[in-house]
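Look for subunit A in each of the two complexes below; its partner is subunit B in the first and subunit C in the second.
Coming up: the complex of A and B.
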């Protein structure tokens, strides 16, 4: 295992290098820079712009900016966000933390929905239940998640108007959050999380449910499942021990993607639910061309993806004896 | 083998149909045969003759839907001495019979073992299930079984995964798994078809040896008549979902009474045939012309009639019944007596 990890580490160096070049230059390719809005503002003098430009290093050629950024990063310094005038990591971290709760909860719900529903669809293939679930899944697959979120918000508002039931549908904390006890704070956040996490999980689970159903159906037709039945193994054991264990192998292979996804936030769901996660910050950073914030965040995601893939491979070797890490 | 002669399994008028979009496929249509204790019965036939469906029907492992056992009975006397009809047995009781009283080995050893569990786990699973043994005891039984089927270093091999073994080894593991609970009946569905010829002989030897040690009956499904001659006591020949001939193995080879069986026998090479005398025409193997009939459109008469060189008009009128030709030998051919006479003349 140690040689495997070492080789992975060495292999990741060129990957990261190329990724960082691409990230930096693609962002720089966009016309203008962080100071463009200021240049258009008649109240800011060209002298001020020039000073700012020199301070930010934006007066240097792009390749020089890249090498300075790269050199600083190797020392653990991800640079300064133009917009916030703070180190990139300090800007990102609290938002990543907020997003993490949402993503973790929705990931748990995601698997809790997709696995039983997918297995049910395969075991009771073509039953009324399977067919009804399929209709819903196809609907969800073709339906943009943010729009689903808007519909859910609409219905919750209707319910709230009708019954007075207070389910928060925006933000992460209530107004009186600071006055709550420790447990109260946790419950308050959970209350805010539950709707966006559920909507996110349901809209994402459609795809995985289809994959699990298809995998299960394929394995159920295999010779070794027939062998298990011929041994007199119970149906529950046939499904979970002999079929499911083999059916999830491709899913285990993709589990590494969860690591970067965990900090990348819940995307549009955060915007729709006004959740203080990573996505609104990233969108703003892209809009204002906050170079180091965007580039720094993307590099972190890339590193996590590489680590995640290595974890995937290790896990796959654990669940599939035919796969060897060496 | 104290019970020699007692009937272990009796299949009476078994009908297994598959309901497909194109119509009903009568894969097994009124099949009747029996197996005595300690006996090896070979079921012979081409692909699509219904021999595998028959064996899966006995195990009640027909994929349902589309398959369904529509009629007939399968009477089996288990290790408890009670005769049961497997067609109507509740699923929970059927599970106690599978792997315990009746076990099965399959054609494809490469894909018949679960890739993510060790062979010890897979053999031990049946032992734990049917004999209530602990995991450790089951592993000991598994090791013993591997030794019995001739796998070297069984203590080590028991912890290996199927992908670490060759096809012949895996079939040995399958046999070990099937015999781990001392079944009364072993169903072997073309167990050597996917193996190299030398390995085939080893596996057949092993099965014969184990049958003598354990005393189980074997239902041997094959299309290979060479294997039949080596293994079987009696033979059932199937065609188009029906039994067309049944009899003692020596009788079947010496005096077949159905043209299909004759065709099968003529299509295999014999040791003497190879000696080609120069100047004389080479002896060619005789193939049966045509193909197995479409199971959706079986001919109204004898299903073999379109391919049969002895066919007469009466053959296409109705499905012939099974004729008792004496000595436990039956044939589904209306001209069986003529074949018998011809054979007498040859012998005379």
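Coming up: the complex of A and C.
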């Protein structure tokens, strides 16, 4: 297990390096340099700019700047956010954590929705339920996630106006968050998370459900499933042990590829639901040309993604014993 | 010379080209045809948008600000006699509600008749054909009246007009981006397969990297290259370029794989033996094996690109004023906090245009995929 993880990490280093080169050069293409916005900011003294300029070697050729930036990053120094007047990492980290909660919860819901629905569609192929689910999913595929979220907000507001039910639809915490007990805090956050996470899960699940259904149908036609049925294995066991476990293999292998989409999708939810995650801050940083912040966010999410990919490989080994991790 | 004799001889069985087979299959697929028809209608709508819309691209009154004007229902019957009359709308007035401090719109009893083919703002269809006739409008004689078929937006412009003009951008950017990314993907894949070695490694690594950075963040990162206040027209080309740049990876990978396997086949060796140059072999013999994949990939990639563009514009990093896309029109639903959305549900209408377009492309794409897939033939 551990050698496998190590090998995965070593393998991902080139990808990470090229990604950082790409990110750095895209940013150095931007008009001005890292410090142009800072120079216009009266709150930053010329001495500070001088220090930053020397730290990041802005007077040197581009490739040398890159190595400095990279070296600083390896030591955990992502530079200074000009907008917040704080080291980038301090600004980013709470946001990244918030976004991670959203992505994790929505991923769990995503599978909790897609797997049963997909399996149902395959087991009861061409039944009324299957057909109507197919139609609904086809429609859902055409919905941009943010539009779905806006519609959900509209209906929740209507319900709230009609019944007075207090469903939170914005932000991450209630106003009285600080006064709540430990468990109360967790529940409060969960209450705020559940709607964006569900909307995201549903809008993403439309694609996966169709894939699972197709995979299940394909495996169900195979010889070993017929053999299992013939020797009298119970139907439940045929479906979940023989069919499902084989049917989801390509899907488990693809989890890593789904993660970037999940993170981007969560970004839209964050914007619509005013959730204090990564994307709203990234957009603000874009508007203020806070380039270190943009670069830092991109690097950190890329690293997280690569870790996620390694985990999905491990998962594949758990599900499919033929894949050896060691 | 005989002019008679309809041939009684059975037509000789002819070899059909792959495209002809696919076309026959496509003709059988009703849903795909419906999708295709809707798309033709949508593109006609986009071309004739200036004619269909009652106003110009960005016409609004600076004296009578009609922010989020509600839709004005079109009346066909005379309220007193109940008889059919020329369609008309009521004129609306604004009043400040002193309890809620919200501007409220109320219909008055003044009627504004609707005329068809009225003269109004000048436009050029496709940038060539000038005109000033609009499908419908209230005409010049009562300028205080306006038909708000789908309500007004944040600056008081007619939402229907904006949606019509937005369709021009929403429908072209996605398609353009997919076309460009297909060209890039094919070229990169072909180069990787053809040159091999360092070029191959570099290109494939780049594909890997583009896949590793979350799409939205990569878009934002690339957007940050350009200053915030760029020329609106240039901004459109920029989105097109960015969308194309981030999405060529998958195709490049497939092209490379396909070409590597084709390279070993006999017809390529034959072309070599006949003395064809490497460029000719690449373009005339190897790349055409990708035709089916590219056609299907195009039609299934376009809805994704349309969704991508709408997302970017929704986040405010896509189309800029005065140009709009359906995504940036939806962004107005967010203005003024959540609670205001219930007071102006019509701002959600542009979203349904996105859904409709994407659905039509999907139906067409699925139909094409099935038409080209020999296993799906009946």
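Methods note: the second predicted complex is superposed on the first by the 264 of 326 C-alpha atoms of A that agree within 3 Å, B and C clash if a C-alpha of one lies under 4 Å from a C-alpha of the other, contacts with A are read in each partner's own complex, and residues count from 1 in each chain.
In the analysis below, a residue touches a chain if its C-beta (ideal position, glycine included) is under 8 Å from a C-beta of that chain, and two chains touch if they have at least 3 such contacts.
Quick caveat: nothing in here was measured; it's all calculated off a predicted structure.
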Three-chain arrangement built on subunit A, subunit B and subunit C clash or fit: fit
Which superposed partner A:8 touches (first subunit B, second subunit C, both, neither): neither
Touching partner for A:322 - first (subunit B), second (subunit C), both, neither: first
Partner chain in contact with A:233 - subunit B first, subunit C second, else both or neither: first
If touched residues of subunit A are counted for subunit B and for subunit C, the larger one: C
Which superposed partner A:191 touches (first subunit B, second subunit C, both, neither): neither
First (subunit B), second (subunit C), both or neither touched by A:142: second
Partner chain(s) touched by A:222 [first = subunit B, second = subunit C, both, neither]: first
Contacts of A:29 with subunit B and subunit C, given as first, second, both or neither: second
Which superposed partner A:305 touches (first subunit B, second subunit C, both, neither): second
Gap in Å between nearest CA atoms once subunit C and subunit B share a frame through chain A: 9
Contacts on subunit A seen with subunit B and repeated with subunit C across the two complexes: none
Subunit A to subunit C touching residues, read off their complex: 14-16, 18-19, 22-23, 26-27, 29-31, 138-139, 141-144, 146-147, 150-151, 153-154, 157-158, 161, 169-170, 257, 259-261, 263-264, 267-268, 271-272, 274, 279, 282-283, 286-287, 289, 291, 294-295, 297-298, 301-302, 305-306
Of all residues in subunit B, those that touch subunit A in their complex: 59, 61, 95-100, 103-104, 106, 108, 111-116, 118, 122, 125-126, 129-130, 161, 163, 174, 177
Contacting residues of subunit A [partner subunit B, same complex]: 222-234, 242, 245-246, 249, 319-322
Touch list for subunit C against partner subunit A, complex: 205-206, 208-209, 211-218, 220-228, 303, 307, 310-311, 314-317, 327, 330, 333-334, 338-339, 341-342, 345, 348, 351, 354-356, 358-359, 362
